[in-house]
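Take a look at the structures below.
Note that subunit A is present in both complexes that follow, paired respectively with subunit B and with subunit C.
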Partner chain A sequence: MRLPPCRFAQRIQGRQLPYTAEISRTNPGCFIFLVDQSASMSDPMTSGEVSPQRAEVVSDAINRLLTELSVKCAKEEGVRDYFHVAVIGYGHNHVGSAFQGALAGRDLVPLSEVANNPARVQSRTKKVPDGAGGLVETSVQFPVWMDPVTNGGTPMTRALGYADSLVANWVEAHPGGFPPIVLNLTDGESTDGDPTSAAIGLASHATADGAVLLFNLHVSGSGGTPVTFPDSEEGLPDTYARLLFQMSSVLPSHMRSYAASQGHRVSETTRGFVYNADIVNIVEFLDIGTRATELR
Partner chain B sequence: MGDLPVLPDRQLLRVPKAGSLREECEDAGYVFPGDPCVDGEGRTVASLYAAVSDGASESLLAGPWAERLVNDAVESMCLNGDWWQDLGAFVGDLMRRSGDSWDAFLTWYQADRAERGRPITWYEQPGLEKGAFATVLGVELRSSVAESGEVSWDWYAFALGDSCLFHLRDGQVLGAFPINDLDDFGITPQLLGSRNHDVALVAERVRVAHGTLLPGDELLLATDALAAWLLTPRPELPAPGLLLAELAELGEESFEEWVNDQRARSRIRNDDVTLIRMRVRAEG
Partner chain C sequence: MAVSHGGGFAAGSGAVGKFPTGANYAEALQHPEVCFRDPGLKHGTVQQTPVLGPKAISGNFASVFSVTAPDGQRYALKCFTRDSTSLTRRYTAISSALGALSHAWSVGFEFLDEGVLVAGEWYPVVKMAWVQGTDLLNWLDRNRTDTAAVQALADRFLALVADLDKAGIAHGDLQHGNILVASDGTLRLVDYDGMYVPALKGEKATENGHRNYQSPSRTAADFGPAMDRFSAWVIQLSLLAVAADPGLWTQLHDPHGEFLILSEADFTEPAMSLAWPVLLGHPDERVRAVATRVKNLLGKPCAALPALTPDAVALPKRRSAWGKGQAAAKGGSGAAAQASATAPPTASGPLAHGVPAWMTGHIPAAAAPAAGGTAGQAAGSTAGQAGPGPAGQPAPGFGRRRAGDLVVAASSLLGNAAPGALALAAVQPYGYLPMTQGLALAVSGAAIGLGRRLRPEYRAAKARVRELHLRARELKDPATAHQRLEKDIRKLDESVAKDNAASDKRLQALTTELKDGQARITVDLNRSTGRIQKQLTELSAKEARRIAYALAPAVQAHIQERLRKTSIQEARKLTNMGDKMVRALMDAGIRTAADFTGVAFAQQGGAYLVGTSGQWIRVPGIGEARANTLESWRRGLEQRARATAPTKVPPGVMANIQIEMATLRNQLNAELKQVEAGAQRSRDALKNRIADERQRLTAARQRRGMESQRQRAELIQRQKRLAGAEAELARVRTDLATARAETRRTLGTRRYVKLLATGR
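Let's look at the complex of A and B:
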């Protein structure tokens, strides 16, 4: 598949193609993460002894997503506010900001503030090539904005409603901008009713550039093969996975191209849904300018 | 030495991306008139060297890297005679030059940040490790005066990425290099990375071109957003070269106003814009 559509040919008969609006400091994007913090998230991913908790997988994904976004938007003078970001947790009797530390209690936060205010920065060791064919351990800074939380039910419908109001305000303030992206990370077992209507309502908000994009990461103990950006329900192991797939937006064409360039098989009905696999690469789908790629 | 050739008129214009400060512009351009000399055939020659570079927005320190690349490209062309005849040696020279100056700059930069109480942060570290990236396009415009007094102008250009050279006659685009099709622009152009030391690979990817100018002809070097504008057919407008010449002669402010107007009409993508114009004076 061809790589990203030409930036200079994004008009057809005078009409701008959807999902091509500039993302910049003057036209920022909006990223809302919804994080399932229910009791079931304390279950392991699989029955194996070393399997991590679902909540750990999800908080790790959030911390890495925020790290990748910050690195992507970093310039010499600091991180540029190409995005405003919210991390909304939902669990026992609570739907609201899941940021810890200085950002606790805040919803949409400019990315530079996110980058400058992790709750803490851990030092982790990582093996990297030593240049002579071997590996050497090096220390890597790993910022943390949220820790795993598990408690009570899964008010996913309320969480989607919460995102709905954030998105409604955003779209009103940025009517021509790139549409908000909502990424829901969950084990899928909503306890406050079928979230489908709330998801449809959320994805019905739109800017002139297109409708809100709702993506889902399903972390599940149901096993089966991990699935990334499928174009049909076939092969999904249970009703939760199928429901989340149905709720997920179809990937816009340039995102499909990036998914293809990462080795995923895509079609025009490929959706922003991932089952038990890594979703952090989704940051690569966001266009903020010329990419820094090595010659090949 | 015979009559000295008259070097073409030249002009460098830069406009930062709308919403960015001038110092945040990550494009660079440089024009340098070489000293006249006598070539192997007894002709008096003088060259005008020019280069543009477009730093990749997603890389850290892309602007300083682009600045170094244009200076180093001009220096390498200057110091390597008929550089296009041995591209491997030329690319090797350019990469050594830019690698050395970049290493020195990085050492200074990190020390300066530490001294100012702003050490490198966790979100900058991966970008610094990855290196800075930019396109590079260079041209030597060589004027020769034969013993008969006849003057000729030849250009020799090299390019990596989507910054483009245009040959204009009567304001119309006669040829474009290295891209002449709008569909070939994208957000993943070929780039020279500050950590790339693979001379053979870069030499393989670098493209070269050569052409001859007549009196009155112009060469333009433009970074991608303006290059795409130049390649877009606009029958309703005056010839692009005439329009740019008129604007450019009014000065940088008028040029910037025009670029911003074109951006507002979605005719030019919102990106840094750099233009170098070189015009051979018409006879008489």
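Let's look at the complex of A and C:
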């Protein structure tokens, strides 16, 4: 299966290139994180003894993404509502909000509320280089919106369907805005059927600025080299990785440029897919206010 | 496969161009003693947020943190999140260019190559003294009704732009967030990342500036001393417009919008803009003139834009005096607060001189009664102010007879004559005559009285008498009257502010409606064109299918022919076959490869050959293995035959296919054109509908502004007159007596009867 490439006739009647809509408080963007909370997520990343659980890796990624978004949208007077954010968990017969604490049970939440309401702030000790060749132990404050949860099956198709209804409402209310971004974080094994058609359905929603962007972060015990933003499924270690790659949207051109500027090799078919690697940098791909630059 | 390996940035090891993220910096800055080398920063205090740790102010390329050194000096620390490989070189050039000159607007900075340590790597920072100031957007929002301050800021901005121009420097991202207004009203520019200084000649821009301030045609190649021109014009226009009419801020600025009064869509699609018509049709001459200039910049390449100079925005004549009064009266909610403090524009006072050209003709006493639905009221009060017999008023007395007067005349005549006529006709006894005649006289009298009162001259005179009477009462108790007028003015201002706020809200709603409506049209259009284009790209596959279909009979015939020409004897040399088997086959009627189409196996065992009409043929000695051998032999023959089969469709058939495809293609292209034209029509219809309503709103707002200003001027005038109350009272009383006498004399019943009788 291939998602059809977005065919947006360019520059008809002064229309903008796709994925260039302003992200602002009057034109907010929409971020939906889908988090796999199935039992298999309790498996370690690799067979090593100290290897963290997949679920920990994923919840860490979510917490860092939310921090990153909050910092990115912080201004003098505080965090601005440039985005509305949902964190949707899927596991044991349940698909719904994965926020904990004050935001529990809520779907799309304005970013300023997210920033001001982590479930708690964790103090973590961390050894950091002191710049002179040594290490110092410091404690770092780490805001937490969700803890790892692992339970039951992986209803990925239902999760994509849940995102579909959130997205449908969003594009109806924001027809001219930057298209919603859905980021699915999973170990890949859907237990409620092939998620492909649900993914196609989800990515068929569009604003005037383009179709919904569906990105996937695959955390897997299958090993192999970590892969960031590949442009073909060759070399991906298993069928789950290939399926998730095929479900992922092609990166819009300016995001591609930013990926390139971060040192990734990219081509026109580079997709928003990451295998066992960090995806938090994707927040840096977003342009707020300033027009996208033509980086090469 | 283009893949890059590796996880987060943490690896450090000089991965090309990978800078820490904002959150990475925020985490590192939790420990200034570890992450800084600069002594002031190392022992400094990083400003914190209640929840998320170090407080960031982020842009697209960097996050800025506030660090206060132990000596109390506060710094803005800029940490870069997107790499620009030339960062160090550029900042060095900018630093030396700015250091050589001393500009009031520039803020000193230090570029620290090893500024902050994040995960074991040093990254550069820009350390700048913290500027206390308000960004331009917030400043305007707070000060928009202080017309003089806004005008002064516009002049300062003009001077700043001239200063940059003279030094051959351009900022690169002139926008509200990078222009700070200090408490003394002076300007500071911050964020020099994209700055051009002469030493950077030939480089390219690393950023294109804020979308709501830049020409759509600006590109990275426009890096040079002229790159600020478009944004400078946009900002200057915004400042001048708000200085001339603070109401423009509430009309055109969105409270959450990251722009002043114009935004990107006004530059990319001026035809759809709701802002341009408001500015280009504004009553203020300079707003119109500068708006026209800026709009004309839209089509031009960046390099060809004119510099913003004082001369370029100055009007040759008459600009200064048109001052506070008007602007405040026209302004939205802020007007009420200022109202009583403002100098009253009076007929003889500053108004007469300060009034802009467009206002003359709309202000009482300056000219004839105001236009529009308030004419009657205007006429009445004009008379009240201007004293008896002002120039231009019609001569006292009745004008010409009208239809109503004729009815009055007829009915009073008839009424009078009726009783006599009836008596003559002996319908009623003579004895009743005096009574009925008396009644008839009363009716005629009433008719005449009513007719006289209905005359406009009479009503105008009456209104004037009432007005004078009211003024006489006012003057007897000037303090209360003053208060009452004060209250009236306040009420007037409040109601104007309320109306304006409602109309501003509607205007904002219209802007959203237009934006969303256009977007929905585009979404539908994209969907339709996507579908059609998909069909278009599938046409070639369709053509191939049609050709294959057309070829099928010829190919089939060719294969059959080949199979028929292959005798079953040739099967003899196949494994496991031999003469005996071939004979058995021939006995079963299979003489060529064309005599069977495949093999079949019965469920209970036994292999069969399938004949040409589908019948199963049992051939003694042929089991499963031999059957399979025969089948694959036959398949091989068929494949070879297929390879030599004709590939060209006869020209006539081919022409038909091509015609069919061309027709389909034309149809789809026509459909494409049709949906695009349809979308354009919808867009135009939407725009026209919105533009019409906006036009109505703006016109109503202007009418309201003028009318309220007139009323206000009048109330203030009356208030002013209260000052010399005693003399005024005497004068008003004389006026009143004169007016009453005049009314009796020139508009009395006798005169009216004369009018009825003679028509004059």
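Definition applied: the second predicted complex is superposed on the first by the 260 of 296 C-alpha atoms of A that agree within 3 Å, B and C clash if a C-alpha of one lies under 4 Å from a C-alpha of the other, contacts with A are read in each partner's own complex, and residues count from 1 in each chain.
The criterion applied here is as follows: a residue touches a chain if its C-beta (ideal position, glycine included) is under 8 Å from a C-beta of that chain, and two chains touch if they have at least 3 such contacts.
Predicted model, so just to flag it, every value in this text is computed and none were measured.
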- Return first, second, both or neither, reflecting whether A:Pro230 touches subunit B, subunit C, both chains, or no partner chain. second
- Query: What is the contact status of A:Arg106 with respect to subunit B (first) and subunit C (second): first, second, both, or neither?
  - Reply: neither
- Query: Is A:His94 contacted by the first partner subunit B, the second partner subunit C, both or neither?
  - Reply: neither
- Given the touch rule stated above, what does A:Thr67 touch, subunit B (first), subunit C (second), both, or neither? both
- Message: After the superposition on A, what does A:Tyr258 contact: first (subunit B), second (subunit C), both or neither?
- Response: second
- Now for A:Arg242: first (subunit B), second (subunit C), both, or neither, which partner does it touch? neither
- Query: For subunit A, which side has the bigger count of touched residues, subunit B or subunit C?
  - Reply: C
- Identify the overlap between the subunit B-contacting and the subunit C-contacting residues of subunit A. 4, 6-9, 16, 22, 24-26, 67, 70-72, 74-76, 115, 121, 141, 143, 287-294
- Message: So in the complex, the part of subunit C that touches subunit A is made up of which residues?
- Response: 1-9, 15-18, 21-23, 26-28, 30-31, 34, 37, 49-53, 55-61, 63, 81-83, 117, 119-120, 122, 135, 173, 205-212, 214, 219-220, 254, 256-258, 264, 268-269, 515-516, 518-520, 522-523, 525-527, 529-530, 533-534, 676, 679-680, 683
- subunit A-touching residues of subunit B, taken from the complex the two chains share: 17-19, 24, 54, 56-62, 121-127, 130-133, 160, 182-193, 196, 198, 201-202, 205, 228, 232, 266, 269-271
- Going by the contact rule at the top, pick out the subunit A residues touching subunit B in the complex. 3-4, 6-9, 11, 16, 22, 24-26, 67, 70-72, 74-77, 79, 115, 121, 141, 143, 287-295
- Message: Going by the contact rule set out above, which residues of subunit A touch subunit C in the complex?
- Response: 4, 6-9, 12-16, 22, 24-26, 64, 67-68, 70-76, 78, 115-118, 121, 128-131, 136, 138, 140-141, 143, 171, 175-177, 206-209, 225-232, 234-235, 258, 261-267, 270, 276-278, 280-281, 283-284, 287-294
